[in-house]
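The two complexes that follow have subunit A in common; it is paired with subunit B in the first and with subunit C in the second.
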Partner chain A sequence: MAAMKKRIDLALFTALGLAGIFILLPFGSSAEFSFREYSTDGKLLHSFAPYRWIIEQPEFLSHLLLSFKLAFIAVLFTAILVVPSVAWLHLKAQSFRPIVEIVTLLPLVIPVVALSIGVQAAFPDWLQSTEYELPLMYVVLSLPFTFRILDNGLQAIPLKTISEASRGLGANWPKTIFYVIAPVMRTAVAGAFFLTFALSLGEFTLTSLLHWDTFPTWVTSVSQQNIIGAIALSVFSLAVAFLILLLVGLFSSRSKKRTEVAE
Partner chain B sequence: MTNSYVSSKGVSRKGGTFARRNLIIAAPLLPLLAYLTFFFFWPMFAVVVDSLKNNDHQWSLINFTTIAQKPYSTAFKNSILLGALSALFASIPGALFAYIIEVRGSEKLKGFINSLSGVLANTGGVPLAFMFIATFGAQGSAIKILKSLGIDLYSGGFTLFSFTGIVFVYLYFQIPLMVIIFSPALHSIRNEWRDAAKNLGATPRKFWTTIGVPLLFPSFAASFLLLFASGFAAYATARAMTVGNIALVPLVIGTLVDGNVQVNQANVGKSLAVGMVLISALAMIPYLIIQRRARRWQQ
Partner chain C sequence: MKSGTLELNGVSRRFGQTVALDNLNLRIGAGEMVALLGPSGCGKTTALRIVAGLERSDSGSVKLQDRDVTNVPAHLRNMGMVFQSYSLFPNLSAVENVEFGLKMRKVERTSRRKSALELLELVGLNTQSKRFPHQLSGGQQQRVALARALAIQPEVLLLDEPLSALDAQVRTNLREEIRRLQLSLGTTTLFVTHDQEEAMAISDRVGVMSNGRLEQIDIPDVLYNNPASTFVANFVGTMNHIPAIASGDTVNIFGKQVRIKNSHSGSGEVSALVRPESITVMRSQGAGQAKIVTRSFLGASSQIVCQLPDGAIIQSLMPSYSTGELHPGEEVNLSISLDEVLVTHV
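After this line comes the complex of A and B, so read on.
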């Protein structure tokens, strides 16, 4: 029995060890690379010079701010368009669920490259001449994920029952929405927001094919003159993306726990 | 049809109220639908229509006969191969890893692996490409360490900026993706079934050949298809890593959009896009159908 237990642990630890190397090797290497500096006689040193170089670039802050702004707009549209729709689906429109499920999954089936070509062919000039076309599209690209997060979050909450209870106790609709529906949806909504935000911040394909310059596309253009700088920028953006996505994970696991309690 | 029911008063009351009720229920969903129509369905419709038109705006299949020839056919072949190989090399280790974690890991570990995989599967794109250049590029840290140990990969003909290199880099998001989508299937193999088989005298091998594998195979195949579609259509990583030396469909579309190359047909890019959609759909639609069916017994 003891021997068996040892063998079991060995398999698990081998798997975790390999996964650890798989994950950490590229991260560690790029972290090391991002501090590289070559002295005048060609010797390899390590310093903060690549990061100083980044901050000195005027485009750094402007592109970063632009990306944040566009991501924020995408979140806003998700909030006013997607969240109420999913809530309504759970409240009254259960019969429409199969259709909505399929329609919201479709952006996952269509390659972003193909969609970008379509946007270029179809959108009127006034829309294509403003960078705000990007967040409007980011909403579509993140829809398969945001719908699922919201839908899963609401699945175990008897939204219909509790809102009927609230109405039955004399609360009007606005009161029910603000004091009953909004609080129970909070974690799922936060998860959907973070995901939209992270996806929009890192979006490259559509942005570059529509010839816009945001933070990720700027990083690629930097790589052509300063590869160490580009790697330092990648380390920076991965750190930000990791943070945001871990928050998503945290929120979704918290909402799961909550639904388990509800059951 | 719904409209005519509502507007014409001669319809039986029962039918009228039913249609009206349906319309009222659907109304709050209409803004989202309208949004998707404009920002998703319309662009896709435009691609299909334009792909069927020649330079004189007449209906024609010339774009499709063009992309059936070189160099476009090569790009399709490469992209399909990239999707298939990256899916193959990711699905097997991914499934094994998910299995070990599912069977032997604690609940806490499972949750952690799940969150981490979610993060890594989304770590595609430009940063991923540069991360691998820093690790396995000619000046990369891992390459340097190996060199100091006497192993010179680059003199052995290895280069990150090749087809093999791209397959290798894609594994970094494909394996975690496999872990995420395959774990639910593993989770649903109930311990009771294993115990029941054991009590009825089945060996572990018998359990796997008659119960485990037949149950898991549809989910495995579905996961493979999703991975294929993801590797086939990925753009950002390949774009940041290559300098036009490898013909992949998304990259060819990219150069056409940038106007870097002149082509005889103005709408070749659109027919390439339609080709991509068809191949992706061929993989994704079976995936979605299998997932739906599997969910029935997974609950």
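After this line comes the complex of A and C, so read on.
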């Protein structure tokens, strides 16, 4: 018995170790590469020069801020459109769920080129002339993931009966949403927000096809002239994404901590 | 708030082609506990949900004491409800769950905490008040749900199959506890269940429903001993269907002429409905009316299962002291101790 457990542990650690190498090795290599600087006689040095170079670029901050702004708006749309829709689906329209589930998969199946043409055909001109058409499309592109996160989160909760219980105890609909539905959905919602944000921040293909210039498209154009600088930029944005993930993790584990205190 | 009477007048509800409730009339007195009993799909849960305001009725009215609440939304009805699936708020601790209704009523923090703890003590959970629903067993969760429903001092307590998800042992304990609390608080209670034993054990009156209609509502004794219809007779308790020949308004059962209680059309082959305890099995000398299949000792009484020559199975329940002589395979005679029976046509 103990020997078997040991063997399972060994297998587990091997798998984890391999996965770790697979993920961390490219990241570590890029990080190493991003600090490279060559002296005049061609010797390899390491310094913060590529990062200094980033900050010196006048476009750096404007592109970064634009991408953050667009990602933030995409999250806002997810909060206003997607979250209530999925909650409503669970509360009142369970029979539509399978259909919606399939529809939300479409952004993965339809080529981005087709999507970009669809945008040009469907969006009114005034919308196409502003960068705010992008977050709308980011919401659509992240739908396959956000829908599944929210849907899975709600599967585990009998949303219908607990909201009925809440109403029976004297809470009207707004109070039920505020005190019951929102808190129980918090972890799933945080996950959906994070995914929308990260996907929007990194979206390249559609943005480029619609001829907008955001942080990812700018990084690509930078790589044409300064490859080390471009890698440094990528490492930087990865670090930012990791930081956000960490924050979301802390945020959603607060409820878990509360339960531990109770024991 | 004092518990009041609850009245349903001509309440009907259809879901598409299905009639869930067909002109339901029901009056529950102040402090009374009434169970609605029936197979699934008989409309009992729909009735309860209409009372709670979670479902609308197509016609008819719901009255609480003297107030017509037919069109009052659920959150203004002041009714406590306990669901089959516990439905505690998973993000709140036991005591916070119990407090919820009082919080919605803007009761001040310390006083609502105090009454919530008192209620948890009443259901025997005062030591687990800080636990979260996932840290409690099913029985404990349902106790919290009960405390939560009672915390708002409801005019009516609604129980929707509250015991169905629990183990047999917990179920029996909790049902006694529900009854004890209900009696001591004097809360008017509507209890929906498909378990007849549960309904009969703790309710003042039991209403048997089928196909959206109330077949009979009465105290458990009357329901069992004097069912108004063959549906009620079959649904409540064990019932033998004895093949017999009717002639006019009597029927011959095991050689005894018995009056037929219900209206039926003409003579001929019928099934007589007889409870096991109304049938006595006696050893016969030589060939008898039936043969014993099994005898099960149940303590004070024993169950004798016999088979008639035509294959029909008859169950009898007799005091154990009078069944010592009866063994499987023996030829026996049967007699019934009734003067009138319900019959159904074969």
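The definition used in the following text is that the second predicted complex is superposed on the first by the 216 of 263 C-alpha atoms of A that agree within 3 Å, B and C clash if a C-alpha of one lies under 4 Å from a C-alpha of the other, contacts with A are read in each partner's own complex, and residues count from 1 in each chain.
In this section, contacts are C-beta pairs under 8 Å (C-beta built on N, C-alpha and C of every residue); 3 or more make two chains touch, one makes a residue touch a chain.
From a predicted model like this one, the values you see are computed outputs, not experimental measurements.
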Of the two partner chains, subunit B (first) and subunit C (second), which one does A:234 touch, if any: first, second, both, or neither?
first
Which superposed partner A:159 touches (first subunit B, second subunit C, both, neither):
neither
State whether A:25 touches subunit B only (first), subunit C only (second), both chains, or neither.
first
So, does A:188 touch the first partner subunit B, the second partner subunit C, both, or neither?
neither
Regarding the shared-chain residue A:172, is it in contact with subunit B (first), subunit C (second), both, or neither?
second
Let me test your reading of the model: by the given contact rule, A:64 touches which partner, first (subunit B), second (subunit C), both or neither?
neither
Taking the superposition as given, does A:34 touch the first partner, subunit B, the second, subunit C, both, or neither?
first
Across subunit A, the partner (subunit B or subunit C) reaching more residues is B
Which of the two partners, first being subunit B and second being subunit C, lies in contact with A:140: first, second, both, or neither?
first
One more residue to check, A:220. First (subunit B), second (subunit C), both or neither?
first
Show which residues of subunit B lie in contact with subunit A when the two form their complex.
22, 25-26, 28-29, 31-33, 35-36, 39-40, 42-47, 50, 96-97, 100-101, 104-105, 111, 114-116, 118-120, 122-123, 125-127, 130-135, 139-142, 172, 175, 229, 232-233, 235-236, 239-240, 249-250, 253-254, 257-258, 269-270, 273-274, 276-277, 280-281, 284-285, 288
Enumerate the contact residues on subunit A facing subunit C in the complex.
157-158, 161-162, 164-172, 175, 179-180, 183-184, 186, 255, 258-259, 262-263
Show which residues of subunit A lie in contact with subunit B when the two form their complex.
8-9, 11-12, 15, 18-19, 22-23, 25-30, 32-34, 81-82, 84-85, 88-89, 92-93, 95-96, 100, 103, 105-123, 136-137, 139-140, 143, 198-199, 202, 204-205, 208-209, 211, 216, 219-220, 223, 227, 230-231, 233-235, 237-238, 241-242, 245-246, 248-250, 253
Of subunit C, residues touching subunit A in the complex:
52-54, 73-81, 83, 85, 87-91, 93, 100-101, 103-105, 130-132, 134-135, 145, 148-149, 152, 158
